[in-house]
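Below are two complexes that have subunit A in common, paired first with subunit B and then with subunit C.
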Partner chain A sequence: MSLLASFFRNPWGRPRWLAVITTIYIVWSIIPVSIAILFAFNASRSRSNFTGFSMRWFNGATGSAFHDEALRHALIHSLELAVLSVIVATPLGLFLALGLQRWRGRGAGMTNLLMLLPLVTPEIVMGVALLLLFISVFGFIGLGTTAQAIGQITFSLSYVVVIVRGRLVSIGKDYEEAAADLGAPPFDALRRVLLPLLGPAIIASAAIVFATSLDDFVITQYLSNGPDTQTVPMLLYSVSRGAPTPALNALATIALVITIGTLVAAFLVFRRFSSSGGQAATEIATLDL
Partner chain B sequence: MTDEGTRVSGGEITIVDLTKRFGEVAAVDGINLEMPPAEFFTMVGPSGCGKTTTLRMIAGFERPTEGQILLDGVDMSQTPPHKRDVNTVFQSYALFPHKTVAENVGFGLKYKRVTKAEYASRVAEALALVQLTGYEKRSPTQISGGQQQRVALARALVLKPKVLLLDEPLSALDARLRKDLQVELKSLQQNLGISFVFVTHDQEEALTMSDRVAVMNEGRVEQCGPPREIYEAPATLFVADFLGVSNLIAAESAGSGADGCRLAVGDFSLRAEQGELTATGSVKAMIRPERVRIEPHGTPGENRLPGMVEHSVFLGSFQEVIVRLATGGIVKSVVANDGTTPFPQGTPVSVHLPADGLRVLVGPPAAEPTPAVADLA
Partner chain C sequence: MYPRWIWRVAALPGTLWLSVFFLVAFYAVICVAFGNSDTLQQPVPFWNPLDWNVGYVVQELRNLWHGGAVLDVFLRTVKYVVIAIALSLLIGFPVAYFAARHAGRWRGIVLMLLIIPFWINYLMRMIAWQSLLAPDGYGSRFFHDTGIEWVFMQLGLLETQGGWLQGQSSAVVLALVYGYVPYLVLPLYAALDRIDRRTIEAARDLGATPRSAFMRVTLPQAVPGLLAGLVLITLPMFGDYYTPDLISTTTATSMIGNQIDGRVNGGSEKVSGAVLTIFLSLFLLVLMVYYLRQTRSAGREVEAE
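On to the complex of A and B.
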């Protein structure tokens, strides 16, 4: 007892009770995920009784994530949407951020607010709104992959703008002015100075767009037009209510690994190529979902 | 100085009725300046006086609301910065952190149509000029503040501009390094023969380095001239107060006579030979501390006011004596250290204010005291 008391009463070190609370929180948030991952490797069909280690739900001949047509299709479709989102949202958001940064006149404040709106609007509201949009106004597009991609880009664009603008503010205008002063026309100043300096922010926002796209359920579900455009989260949701097998856990595990892998890779690239790696890390950490 | 033959011709900048408004506020309010070629020209003033905005308009980063900026007679006020034949050393240096020292220096040469060989030789030459040969491959983040400053200088000078603009380039350095670089900048300017336009809030820097100083306040030029002229003959109270240490004594002027201006300070009368001798009414009598003589109490003669030593500060090579006048004001005097301590605190003295050092000024004084005044007070 006195040992425990002296552990907490430590006037010189860091406050230990903070460490304890942090540890409890981390364990609490990791346990469910760990259990889900564990059962992806279960030898039997059970998702509650672990009987032994097996890879059968990943690559077994029947009912595994790789061989089940529906599961594999969902994974491919998820990746398809994620790549589309990154390809469109990153450059678009980058140029929006550059434009907004320079736009100091009337309307700039309003646009700032509008950019943040998708981040605070409940996703279900946005989903419904987009559904109506694609059914009535943009009937020629209709529901399906295109609609899903546009829906995801609509809100992931905001992340890119927020991250890139944050970096633009910290970079300041000195570098650009220096480039212009040395004779660089505006486009050259952008290409030779601003873009390299923005590199870490661009990579961070691309990674976040990718990860949010993989995770998104509500909007993607609303804008889907059937099993052909089912993503991993949608599939997990529908199947888990029917007759789930550990193959679902296997699929979830694959999705998780891809998401985490993306963020870690982005973080490493960041550290490698940016002189201010610490700041980039913060950008990822604060916006991680 | 090098011989005239090796000199590059420096550019001449003429500023005509230049105004810059940000909304309702006029940061620069219709100024006119002549910056002669191959001179070290300094704009000095308190923060917010418009000196940096003026420099930024010369560089092209701000668009003038009104007025013209002529470089060798050609108006460039509407030319974008990348097409101007001037280069800037930024207060933050703004070295590109993703490029090496050599790449930073060579950045602008990409727009100068130089051959590869010329590119290499000019980069090497510029680095040699600022004594940074051997630092080519370093990142700007790996070198000291003073070295960064030199790289910024080399990056601008490699383009052989007609005019080099410097925006408080020494303010981020420590005092000792600053002194060294002051000397270096000055000799660089003389050797290269190009025009320097330097912006600083440091009055000492302005006085020691410049061929010509413009003292600015609230978007206007208070006075422009050689450092000695500005120090010895300040045209306004602001200039007198801002540059160096000044004694400003409130007085009533009775107007000019044959031998100068008659002033009344309390019950005492003074005669001034400098400044606005024809002014009447409430004025300030200004005199530099080094011109004030402290004499034994009761010394006869004109321009002598009785007082008592309030403070005597030993400063090594000289001693500063602060005297409370019988009329209530305070006068600072600087006395050379001759091995004695002639005026201990509380000594009644006679303060001699020689008429040829006494200047009559009218108008509002500087809003805030300069650091130097605060230090000595």
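On to the complex of A and C.
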């Protein structure tokens, strides 16, 4: 409250107008989404007029998110892709991070550049590239679930590497060297000292991969193959361009709860094991692009 | 203490993965762009550079030339992105500055509120505006009642009353700002937060006014992070096609991303789409290189500490 009190004492002081801008910004950034969530609970069909509270768009007998075959299918497919991405991208990125952090020599710089490129390439460019790859070189795989999973793994790999490397830098080499001095063979030092220390970073990466996979639209859409491989964001997109009902908002709300739930869980784990929770949260957050 | 080869081996699977699904994929785009299409309009890539056919590239270069169909779209994209970036900076900088400097004990909460939009699906945030901007939506009514609509109409930024979703450039640009600002605020916050407060205190002790301390100490130190943050939102904005798709349904506001999307994804002009993808990548190359150099030097500093 002190902020508010000092504001009224002198509304035109320098930090005051900054506080006002920040407050307006936060309201502006959160209110529209809150209203969209509110409409998931609308009693009527309208998405612009709230007439009363109801759960019908979640579990009503007709037209609700839970009873719509396409919606349910999309949710299952999204989760399937997210699990596949986590299973492959996390270990792949973990070892790539270890390698890049410690491999000194020919090729390390190029590999590092190759790892960073997906982070700065616009998604549509990667989407087009992967689409053309899967209809030409990998024509035997073709478009569909496998291609979608591969596409998601390709861009989430870099997130894992960036998170794990950050943690590797802060751990340093002391613990491993201590283990070695105490007689641990190299692989024991790796397995019993370094990997446990990397635990929080691994969990955080897995959560980021899971959440970005669930949220991804462009690459997943480009590599899809008809309605069977539709994900939740793809469905949000196609429904919103048609004639949406509040069931669309209900679906978006469910997706939001899953994403935020994953990240909050990961954040809590991360904070439990790491001393700099706030910094970790910013790191996790700034990685998503 | 470890065998020397071990780290190279550890990096191998990931490197192979990226080589195939990033480098080879990009090579496929080039070979499609310099290839041909069959009678069913499907692309026939030419894998050997000696066979490359420049026909489609030349055709799209003509389209990019004065009076060409793609040129208008391209210029419109640049216009949208430049305005959206300027507005994002105008909004994002004060917010990041407040969060990093003046939020005090509110900092944790402010930071959390700044992070929330990050994890809300982009499409959902656009869909939220879609229903707000519908003719009878809360947003349209709010803009009408507060006179914002009137101002927009006087400025020629809105054609008809309540017609926000009917192909209005202003609505698309504002949607872009809404979509991408959160991605700018956090890198800006991180850049401002990294600045050693003692340098500012030293400037003040040496007699600098708050204003000149800001202009000559804070700002120069924030500039690299600021530019990196701007690049970070500029790149995806240039590849955006879903924002115009959701906020305006007409081709009057289509961006270069829409052109590529229409040709490649579901469209039957994959070859010319591949050509445009290459043009876009080349155009963005400078920004990408800048960002990569920036992160690499920042990485070195971290390791040096």
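One rule holds in what follows: the second predicted complex is superposed on the first by the 258 of 289 C-alpha atoms of A that agree within 3 Å, B and C clash if a C-alpha of one lies under 4 Å from a C-alpha of the other, contacts with A are read in each partner's own complex, and residues count from 1 in each chain.
Going forward, a contact is a pair of C-beta atoms (placed from the backbone, for glycine too) under 8 Å apart; a residue touches a chain by one contact, two chains touch by 3 or more.
The shown structure was predicted, so the numbers you read here are calculated from the model rather than taken from an experiment.
**Student:** After the subunit A overlay, clash or fit between subunit B and subunit C?
**Tutor:** With subunit A aligned, subunit B clears subunit C, so fit.
**Student:** Looking only at contacts as defined up top, I'd like to know whether subunit B or subunit C touches more of subunit A.
**Tutor:** Greater contact footprint in residues on subunit A: C.
**Student:** Who does A:N59 touch here: subunit B (first), subunit C (second), both, or neither?
**Tutor:** Neither partner.
**Student:** Is A:L236 touching the first partner subunit B, the second partner subunit C, both, or neither of them?
**Tutor:** second
**Student:** Scan A:T51 for contacts with subunit B and subunit C and give back first, second, both or neither.
**Tutor:** A:T51 contacts neither subunit B nor subunit C.
**Student:** Figure out whether A:E177 sits in contact with subunit B (first) or subunit C (second), or with both, or with neither.
**Tutor:** both
**Student:** Looking at the overlay, does A:L197 come into contact with subunit B only (first), subunit C only (second), both, or neither?
**Tutor:** The first partner, subunit B, only.
**Student:** Please work out how little space separates the C-alpha atoms of subunit B and subunit C at their nearest point after superposition, in whole Å.
**Tutor:** In this superposition, no C-alpha atom of subunit B lies closer than 5 Å to one of subunit C.
**Student:** Could you tell me which stretches of subunit A are touched by subunit B in one complex and by subunit C in the other?
**Tutor:** Residues common to the subunit A contacts of subunit C and of subunit B are 177, 180, 186, 189, listed in rising order.
**Student:** Which residues, counting only subunit A, touch subunit C once they are in their complex?
**Tutor:** Touch list, subunit A to subunit C: 3, 14-15, 18-19, 21-22, 25-26, 28-30, 32-33, 35-36, 39, 47-49, 92-93, 95-96, 98-103, 105, 107-108, 111-118, 120-133, 135-137, 150-151, 153-154, 157, 161, 169, 176-177, 180, 186, 189-190, 211, 215, 217-218, 221-222, 233, 236-237, 240-241, 244, 248-249, 252, 255-256, 259-260, 263, 278, 281-282, 285-286, 288-289.
**Student:** Which positions of subunit C touch subunit A when the two form their complex?
**Tutor:** So the residues of subunit C in touch with subunit A come to 1-3, 6-15, 17-19, 21-26, 28-29, 31-32, 42-43, 45, 91, 94-95, 97-99, 101-104, 106, 108, 110-132, 134, 136-139, 178, 181-183, 186-187, 189-190, 210, 231-233, 235-236, 238-242, 245-246, 249, 257, 260-261, 264-265, 270, 273-274, 277, 280-281, 284, 287-288, 291-292, 295-296, 302-303.
**Student:** Which subunit B residues qualify as touching subunit A in the complex?
**Tutor:** Its residues touching subunit A are 59-61, 80-83, 87-88, 90, 92, 94-98, 107-108, 110-112, 139, 141, 155-156, 159.
**Student:** Name, in rising order, each residue of subunit A that touches subunit B in their complex.
**Tutor:** The touching residues are 172, 174-175, 177-186, 189, 192-193, 196-197, 199, 275.
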